[in-house]
Every structure is written in structure tokens, then in C-alpha cells.
Amino acid sequence: MTLVPIIKRDYICKLATEGKRIDGRKFDEHRKIEIETNVVNKAEGSARVKIGNTQVLVGIKMAVGEPYSDSPESGVLTTAAELIPLASPDFEAGPPRENAIELARVVDRGVRESEVVELDKLCLEPGEKVWIVFIDIHILDYDGNLFDAASLASLAALSTATVPAARFEVGEDYPLPLKDPPISCTSVKFGNFVVMDPSLDEEEIADARLTVATDKNGDIRAMQKGLNGSFTREEIQKVIKVSLDNGREIRKQLSESTGK
Amino acid sequence: MKVDIKLIDDNGKRLDGRSTEELRKIKIEAGVLHRADGSCYLEWGGNKVLVAVYGPREAIPRHTQNPLRAIVNARYNMAAFSVEDRKRPGPDRRSREISKVISEALEKIVLTEQFPRSAIDVNIEVLDAEAGTRCAGLTAAGVALADAGIPMKDIPVACAAGKIAGQVVMDLGKEEDNFGDADLPIAISPRTNEILLLQMDGHLTLEEFNRALDLAIKGCHTVSEIQKKTILDKYQSVEGVE
Amino acid sequence: MTLVPIIKRDYICKLATEGKRIDGRKFDEHRKIEIETNVVNKAEGSARVKIGNTQVLVGIKMAVGEPYSDSPESGVLTTAAELIPLASPDFEAGPPRENAIELARVVDRGVRESEVVELDKLCLEPGEKVWIVFIDIHILDYDGNLFDAASLASLAALSTATVPAARFEVGEDYPLPLKDPPISCTSVKFGNFVVMDPSLDEEEIADARLTVATDKNGDIRAMQKGLNGSFTREEIQKVIKVSLDNGREIRKQLSESTGK
Amino acid sequence: MKVDIKLIDDNGKRLDGRSTEELRKIKIEAGVLHRADGSCYLEWGGNKVLVAVYGPREAIPRHTQNPLRAIVNARYNMAAFSVEDRKRPGPDRRSREISKVISEALEKIVLTEQFPRSAIDVNIEVLDAEAGTRCAGLTAAGVALADAGIPMKDIPVACAAGKIAGQVVMDLGKEEDNFGDADLPIAISPRTNEILLLQMDGHLTLEEFNRALDLAIKGCHTVSEIQKKTILDKYQSVEGVE
Amino acid sequence: MTLVPIIKRDYICKLATEGKRIDGRKFDEHRKIEIETNVVNKAEGSARVKIGNTQVLVGIKMAVGEPYSDSPESGVLTTAAELIPLASPDFEAGPPRENAIELARVVDRGVRESEVVELDKLCLEPGEKVWIVFIDIHILDYDGNLFDAASLASLAALSTATVPAARFEVGEDYPLPLKDPPISCTSVKFGNFVVMDPSLDEEEIADARLTVATDKNGDIRAMQKGLNGSFTREEIQKVIKVSLDNGREIRKQLSESTGK
Amino acid sequence: MKVDIKLIDDNGKRLDGRSTEELRKIKIEAGVLHRADGSCYLEWGGNKVLVAVYGPREAIPRHTQNPLRAIVNARYNMAAFSVEDRKRPGPDRRSREISKVISEALEKIVLTEQFPRSAIDVNIEVLDAEAGTRCAGLTAAGVALADAGIPMKDIPVACAAGKIAGQVVMDLGKEEDNFGDADLPIAISPRTNEILLLQMDGHLTLEEFNRALDLAIKGCHTVSEIQKKTILDKYQSVEGVE
């Protein structure tokens, strides 16, 4: 775990001084993204997103339940992520650990704080019955940058979700009410280099990670720094710029895939 | 709640139009994942199952190691969104029992003696569940093990027969499972017809059991052909590339 | 764990080629069975079953609770088994593991699928209040063949159980309504030999296990194959035959012990 | 809920007819289990307790080993069906505290120095519970340890005294425990009268405490005689066989 | 863990034969006690108690909830203790273990059995709504004798607690109704010596521990013996006597600190 | 529930009377615990935080050891009584995420290479919580690490800025956090201005973000002065004693 990364690190850094990345991308270029929706019949909405070889499946389930006491007229949103051993030789079975928890919380905040799901439209009886929206993130193949893949798959799954009102005998089905979503873009830093959409090789040697979610107005909606390295003020500006540029492209692709 | 459903109509057709001895539609794809040593995606009727195989690799923790052979750890897991009412993530008693019987079935067929102290991990994820997931999972596991190049005596395969509306039929669907009389899922080694897995719930006379067992074995052989074709296609396509 | 069983295996197989078993039984013969009922005062019903040196205690408790939403007029049945360290030097304290879970689920299915407990007679208020029946399996002494001992003890305990209606202030006590139970018989295979009611020595070296529950009409009500060996079609027929024969005897003994 | 129960009648008799200094009926049987190294079944009033002893054997996991002596792990467990309202299986805070104080009491009396790095496991299963299960469990554990041939300085024994209806009495029963004023369970080494376990809940004057302590010690000695007779009978019956 | 205590034990025992303790105290003398109340704003009541270097913080929280079915007109009392790794290099994170459980249960019984909190005055609607009182014991610095420190801090915190009726919209705030509390005093025995209020050094080498809670009338309200040593009848008398004497002093100090 | 609260009044004052660029009152004390290798008590507005540092010591279990450097385990924990509605004891998802980001921030600043295979444990207990506890905890951790004599490149320090009522302001209070538009907690190495921790929730234009980041950095420097004074005072008082 320690020796191989040092050799790998040296190699990746050497390439970087020449302006190159291990898979031939530019520093600010993301891998090929594929978005496929409605892949699971039993879910109210679902999507599989591939970013390079990384593959994430998100399913949306809904149920009728009680609201939180401090927001009696709002639906409830719950996000869970499991790093199931299917996806990587390094993932272990068992309850979610730090990495899975951070992943779920960052995706959750991205959706929640930007009010992507219009929770105020998911109330059935104030204080009594509201819709609960479950976002379940299933990592299928882990080759780096789970944050962006999980976030994008969540947005795509939500975009195609139907409120199962008929099944719960509370009216007719209707599309889950949504607002424009912010797009998450993650960069990592190693040495003095900052690259967008890290592959697994790059993630393994990275010192610091920064995820920036931006909306269609170019505003910042969420950020999360990770790993035990640091960023300068200037590097942060640069990551935000790259996240805005890539976010614009990815938003377009999401919109085309979901027809919204 | 007792529901009045006519599971077989006057023409001998079942709810989804199948005849009594007909399997649901099956689609198998091998080598679908990048990180896994072997993998398989399988659709069987409305079931969707993804399997990843890792190993052989050192078994950890150490006290689980067998000095004479590899252990096979199948882990059957249902995605939270794979069923109508969301399932809490993590293993429950049902999934742990299924993991156990699938592990035992696979251990018989893998040449475990070649890899002492090792573990072969077979991760079975049910993405969409619609009756018969353990058969779908075991069948996909057979393909994923082959895709991983794990030496085996044979490619294990599973299929169920059952009884609905008084008749013995092949491969129960969702409503047939809920409102039928008996379900008999089995797994076999198709080369020898040895039975690797067998469970039965319901009510069968001795004679019905024998018919159901024969039908399930017949189903296994049909599915086995699809498995073999999948693996051959994958192998040839790789050959072609090189 | 690996060397001793090989020697033991050789010895037991050698005996088997001579048509003998380690404790002198015939291949299709079960050990002496003792059934004692009403052994625990606090339980609504209880029984201790000995099969040879194997000893299992089952207690039935009942409570008033909510039905499942998909069967609002049915009582609820719950089966739990603990392989408590009291019963064997190899059992560890802690939450149930695979073996205990399989045991509980096989006993549970045996009772549930054959509708031994008439759950439709355990409804108090449709959709609101029904009887919950708890079957708690306590292994006291483990010398092989827990499946049959636990199953038989559960049936004997259920047979003597009283619905505690008075204690819950919902009427007068009455016997738990039951149908004829199927009897579980377990065989194991080692080499080419198949023997009924394995002792611990035989279980330790067994390749495969098959449990068959049969009813008084000679029909099959449940089966469970275990361990990492296989059976041929013919061996399965043979096990069913032996299970029917022994099941008949055991059913008679159960009936005498419980007076039902 | 305050209930008006007359715990001692005008003739000085208690609810179950006992006098104030009388024990409930006790029945002890040794060597009742096949697999355990030592075992004991004990009935004490309405309590039914089964104890199995395993060991001395290597303590695992290793970090629990003491290089100078054996550790004694008592594990007090109530069966789900041993109480009026079904108890969830598994240890709760009460059973873990009782396991701790019983383990500590037994460690004083076992010659643990003879078995460094070892564990002696004492599994106490309460099958029927009716006030005083910790005393019943510890008393049965003493017999099971002797049955297992574990070297001990003495056979530990337990008994409680308490206060009901203003009087100090021996060995509280169910209602006496629920509606009484104080309970004082103790365990002693009968040879030396050393006190191995002592807990007190309720309200006692200093003088009442002294009387209760003396009464509990007296009870311990009575129970000790039953223990010794049980072990002797078992030993002689084995002798007889040989 | 085994060698150092033997040397330490010899040294402490040698001192004891000369009538001395390692920190200069007499055998029946407790360390300096400091009681500070209302140290946490969010709690309904709180107190920090120092006994020598041992430091314990207790916070009281209250909520409205359901009563137990067997005492429908009583409030509910819940005590939890965590031996958080903040307080000692030997404490580990995770769910409470034996020592923390015993600590919480002994403090809980001390409060409960003496009916310090007048639970019958904490009923809002019989059988439906009562006050739940949470006593949360936070060990901050562990230098011996947690039982007395935790117990005293609990009593001091309760003494200054306010029932938050206004926040729960069930009336006006009022002081938590309390009776005179019993005071816990703990002694340990090593060799033939018995000392009051053990420091950590003394606790580590102790054979047996005895906690005695006494009330203002000089009656005994709770006792708990611990560790794998024994006491003679005479030693127990002696410990009770010392506990009465010290309890009287500590009660006075508690009363001064809380103004009650 | 949407609440109509005027978070900034017509004079530019906030609910607690602060100006937009003003920090809440901060009080820091070092060396407050006897057992810990280093400790710190910190009050920041209504927040009360206690931090204890243990180590460097051997990392256990062994498989957590890094052969090249020490690991820093920050454990952020909220006392059950630190919030309005009692919090269940033990870690939840929020506290585990905060523990992770604080650990990562501290690992950058501690000279971990000096202590291979070791662990440095930083226990952060929140006793009273009122917005900004992660900044308060990290700031106190910096002082406690210094008090423990752990070699560091710098003393890490944290502070948040945010946006309320349309304005970028320093260090959000309770209501400002609940009803404001954005929160941006950061931690820096004050010597180099490197950013060690950064999280952002809410809605900021690019220009607002830049202003908020600058304001938070400015706040960090102010807090850093208080940290340094605390450590100096502690050091001098110890000097004085010797």
C-alpha cells in the first residue's frame, strides 16, 4: 500500500511536469460520461452513470411517512451510499465507514441545500403524512471520482422518478417535482498539479481533493475539501473555474439524457 | 390476504403467456465490470443481477483460512431499490441464509484444493427482484467464476420448478411464487446432474416432487446452454481482438 | 480442525463399508428421542427434546401486536435460535451467525409453510391487533442434528401452548389453535453412504446434509439441502423414503407426549 | 402502581407460607449436560437455572490473556421465555452487570494461578426467572465448577436476605422483591465466611443491615450443604459405576 | 499491565503498614472536592465535580414521552455513562463496556431506589405523557473513584435542574422536584488495608471495592461490592462507618454548592 | 418552518449586536486535564469544547499502522446534553464526517513523519453547541496538540464566514446558521495561509465566495492570535513555577 503508490506517484508527477496525464487527458478534461436512466423497474426512478470505468447505479424509492417535527409540511430526503465489495477489491462488506458516509453526505447536501427536490410539494397531510424520498447509491465499479459519479447518477435518477401515488392510494402518479440541479465537479491536487475528474490512479496518490457544485447561473452551491493536503487560495479559484466550465458541459449532457 | 388469481388459463397458458414447461427470458453478459476479476450481468424475466468475482486471494482475517483449500464466500445482497417496498441496506436473515447455501453449492464445484489458505469472493447484487433471484444469482455466479478464470469441475447452474393451480410448472414468476403451492429451486453440475443446492417450500406429493425435480433439472440444462454460449462469445470476441 | 476429522472420517467410512455406524445404529435408524413438555412456567408453552445427547429447549411466548400490512387478519409468527455457548465449546456468544440463522429459518419455514399454527385464528382486531407468537429455540447440549431436535421441540412446545388472553385482558385463555405438523428428518452423506439422524461425529465429517419434512399423508412439506457436497437424484429419493418412515414413528411419539 | 399486598400475615407467614427465616425449596443436580466440562441444573423456588462450565482452555482473543492466571468469564443470560413479557435475546445492561459481579466473585475462589493465559467459561442460563436469579446462578456455577473438576479454595454459594413489611427476612420471592423495602444478595466462601459478592438496594437502618447480612450468611450455609450433598451424590454414583 | 502494578502494589502496601497513603491522606480521608453547577447552557441542569484530579461532568436533559406500562403515572429516569477516550489513555471509543455499564447502573440505582427524583410528580397525562429525565455522565479526567464523582455530579446536576415545561408547551418552567439524596462513598481494600476514596494508583492495585450510599438519617440506601477480592464482615462494618462519616461532610458541601 | 427573522438590523448590527465582520467572544485555556498529554478548553460564543490529546503512541489495532508516519485520529463527539433535544450518545453520520475532515486537516500540519507506526488521538468533546462547533473543535485541537508538545509546522486554526440577509459576514451564530443563506467553515495554517479544511453549504456567487473566503481567513488570523497568547501564557506560567 505504501511502496507501489510512491513509484506510481513519481511516474504520474513526472508525466504532469510534461503537461500529461496517465490516460492522455488534459488537466481540466473529464473522462467520457455515459448516463442511462430507468435501468431498474422496481425503483421509482433510476440511473446508471459511467465516468470512464467508474460505474454508479442510483435507485430512488419513495414511501409515505411522518415529517420531521421542525418542518411539518416538507417531504423527507434520505441518502445512503454503500461501498459494496462488488465494486473494488478494497471495499469490505459491513456498515458504511467514513468514506461511504462522507460520500452520502456530500451527495445529500448537494441535493438538499440546492433544494433540487421540491420537498414542500411532497406534503400529504401537514404534520402527519409526507413523502419520504430515498436516494440509494450503489457503487458498481470503482475507478476513481465517486463523488461526481454518485452525484450525477442521483440527479439523473431523480429526474426520471415518478411519485408512486397510485400504489400508496393517495392519488395519481406524477413526476417528482424538481428544480435545476447544481453539478458537482471534483479535482485533486498532487505536488503542484491540479487535475479534474481524477482516475483511481490519480486519486491514490492525491494530496487533496476539492469538490465544487455549481448551478446554471454560475453560482456556487456546495464545496467539500478532502484528504490530508492543502490548497492555496489561488488553487481554489482555479478549481472553481474548471468546475464551472465542466459543469456546464455535464449539465447539458444530463439534460439531454433525461429530456429535461 | 387471499387473492383469487387464475394462475393457469383454460389454454394452459400462465399469467405471462408461458406454457407450463417454459422458462422466462434469460439474457447473460460476461465481463461487464472493470475492477472485478470476473463479472456477469444477467436478466431472468424481471430479475436483474450483477455478479463480481474477486480472487483467489489470501483469506482474511487469518483465522478463516483453511490450510488445505480455498473458501468460497458468496455474498447475496438485495439493493434497497430492488423490491417494491424499499429494503433497509445490509444483510438480513434471508440474505444470509441464501449466501450460505450458494457458498456451499459453489464450493463443491470450484477446485478449491488448488488454492489453500485463499478466499474466492463472489458478490451477488440483486438490482431488480422478481421471484427466483437465488437461481439467477447462482447462475450468474457460475459465469462470473468462469470469466475470472477460476478452475472449476463444471459451470454450476440453477433453476426452479414449482406447483401452481395444481400443476407442476417450470420457473415460477412473481405472482406464481406468491400464490402458488410449492417452489423447488435447485442448482446442479450439468455435466453429472449432481444436485448442489435444493430447497423446497410448500406442499408436494412424492410423485409431484419427482416431476418437479426432473423439470428443474431440465431447466438447468437449458440455462446451462445459454451460460456456455455467453462464455464462448466472450472468449471469441477477446480472441478476435488479439 | 482439519487433521482430526480426516482420521475420524477414515474410521467412520471404514465402519460404514461394513454397514456399521460409530454408535451401533443402522443407517436408517434415529437415536432415542425423549420429549418433555411444560418445562418452563413463564412460557405459554415449552418442551425439551433429547435426541441422543443432543438437547434442545423451546419456549413459546405470545404478545399482542400489529399484523403485517399484507396480512391484516393474520397473527404473526417469529422464530429465533441462539447457539448459546452453554451447548458446545465451539459456540460463541454474540448475535446469531449463519448456522443459527439457517436453523431458525428452516424451523420457521417448517412451521409457517405447513400452517401448523392457525394464524388466521389469531386476529383480535383486523389490521390493528393480532397475536404475535414467538418461538425461541435454546440449544442446551449439541451432539448433532439440531434441525430435527429444534423442529420437534418447537412442535411439542406449540402443542402445549395456551393463548394468554386473560393476562392481556382480551378474553379467556384457550389452547393455541394448531394443525397437524410435518416432521423433519435429517440425513447426511459421507463418501457414498447416507445415514439418518447424524451424531456430532458424523456431522463433522459429512459432505452434504438433507432435511425433509413430511406430513401424515406422506406428502413433502419442506426440504433443505446443506453443506458443500452434492446428492444424486437417487440419493434424494432414498433420503425422502427414510424420512417418511422415521417421520411416521416420530409423529406417533410426539402425539403420545403431547396428548394430541 | 402501588399495590396493597400484605406480605406477612398475622401468623408471621409470608405469601407462599414460609416463615421469615425460611428458604424457598432448592433442588440441585450436577453433571446434566454431555458436552460441557461441568454442569448443573438448579431449581430455587420458581427459578430454573442451567450452568455449563468449559475450561480451563486458552483464552481467546489473545489480548484477553493474563500471563499470571486464568480469567473467569461468567455469562449470565436470561432465556427469552423466562420472564412474563418476552425478553429480547442477547445481553442487556442488567445481565452484563450481573455477569461482571458473578465473574469477580468466582475469580476469588478459583485457583486461577494454576492456569496462566487460560479462560474458564461459566455459562449461566436462566430458564425460568422468579426473583433471586443471580444467587441461583452463582450457586449453580459453584456446583458446575466442582463438577468440571476446576480447583477451588471452596465452593462459592449465594443467598439473599431482605426487608418486607418492616421485617428482615430470608430469600425474597417474586412479590416480596417487587413490593418489599430492601434486597441484599450476597455470595460467600462458606469455609471462611469471606464475602465475595454484595449488592444492596432499598432502605435499611444500620441495625437492620447487620441482621440481614447475618441472615443471608446463614442462608448461604444452608444452601452450601445442599451443594455439597449434590456433589457427593454425583461423585459416589460415579464411583459406584466404576 | 502486570509488572508495574506489582512494584506499585508493594510500594503502596509498604506505605500502608506505616499508616500512610501515596498522596499523604489518612485512610479514611477523601480528596478535595469541588462542585460547580450550571456549567452547560443547553442542559436543563448540569454540574462538574472534581475529586482530586478526577473530573466528571453530568448534564440533565428532559423530554416528554410515554410512561412504562407498569407505572403509568410516573416519570421515567434514564442514566447513561460513557468512558470517553478523552478521560484516560485506557478508555476506548465505542459502545459502553462492563465498567461503564456498572457505573451507570450503580449511579442509577442510587438515584432511583432512594427516589431522589420525585417521579410521581412528573406525570403530564396518566398512561400517555410523562417527563423523561436523562442523566448523562461524561467522564472528563479519570484519576480514580468514578463512582463517587459520578454520583455526586448527578445529584448536583439534578439539584439545579429546571423542568423545561415552557419549551415543550406544557406550562411554566419549575425546579425539578427532588428529595434528600443519599451520598455514595467508595472504599477499596488491598492486603489488609481499607482506604476511602481511592486514587487511580490505589484502584489499580485494589483487591476489592465497596460503595455505600447513606442518607441524612444515617440509613443505608445502596451498596455495591466490586473487583475480585473479598471483604470480611468486620471490614464491611468499617467501610459503612467511614461512608457515614464522609457522607455527612460531602452532603454539607453539596448542599452549600447547590443552595439546597 | 419559514421564520421571519431580521438577521441584520438597520444599523448593520446582527442579532447578538455584532457587526458583520466581528467574531463572537472567544476564551481559550490550555492544560486543563490531568491525564491527557495535552488539553484545551475553549468557549466560542455559546460553544463549549474540551479537547484531550494522547500520543504519539503505538497505533492499534496494528493493521491501522502506517510504516512511514503517524496517523492522526480526531474524534469529534457531541455530549448528549449539548443540544436542545438530547442527542443519542455515540457517533452519528454527521460526527463521523466532521471527525474525518478534522483528522485530514490536522494530519497536514503535524510532523507525522517523525512518528512512524504511531497514532495521535485528538478527542474533541462538544459540551455546549451553538453553531460553529467544528471550527471551535479544530481550533481547540490546535492548542491541545501544542500543549502536548506534538511537533507541528504551525498551529492550525479555523473560522467560518457566511452569508445572511444578503450580506457576507464573519462567524455565523445559531439563528444565522439556521436561517442564513450560506456557511463556509475553513481551517488554515496561519503562517502560510494554506487551506486545510473547507466546506460550503448554501448559495454564493463567485464574488461573494471570494469575499467570504477572505473574511474567514481574516477571522482565522484573529483567532490564531488568541491561541498563541494562550500557549505563551501557559508556557510562561510553567516557566515561572520552575
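Note that the chains are named A, B, C, D, E and F in the order they appear, and that numbering of residues resets to 1 at the start of each chain.
Note that a residue touches a chain if its C-beta (ideal position, glycine included) is under 8 Å from a C-beta of that chain, and two chains touch if they have at least 3 such contacts.
Quantities reported herein were computed from a predicted structural model and do not represent experimental measurements.
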Shared interface partners, meaning chains that touch chain C and chain E: D
Number of hops, chain A to chain D, where each hop joins two touching chains: 3
Maximum centroid distance from chain E, chain identifier (CA atoms): B
Of all other chains, the one whose Cα centre sits farthest from chain A: D
Length of the line joining the C-alpha centres of chain B and chain F, rounded to whole Å: 52
Distance from chain F to chain E - Cα centre to Cα centre, in angstrom: 32
Chain A-chain F separation of Cα centroids, rounded to whole Å: 27
Category of the chain touch graph - line, ring, star, complete, other: ring
Direction chain B, origin chain A - full chain order round the ring: A, B, C, D, E, F
Footprint of chain A on chain F - complex, ascending: 1, 66-68, 93-94, 96-97, 99-101, 103-105, 107-108, 184, 189, 193-206, 209-210, 213, 217
Residues of chain D that touch chain C when the two form their complex: 33-36, 46, 48, 50-52, 54, 57, 75, 77, 79-86, 89-91, 121, 123, 125, 127-130
Residues of chain C that touch chain D when the two form their complex: 39-43, 46, 53, 55, 57, 59-61, 63, 80, 82, 84-89, 93, 95, 134, 136, 138, 140-143, 167
Contacting residues of chain A [partner chain F, same complex]: 2, 70-73, 98, 101-102, 104-105, 109, 113-114, 210, 218-233, 236-237, 240
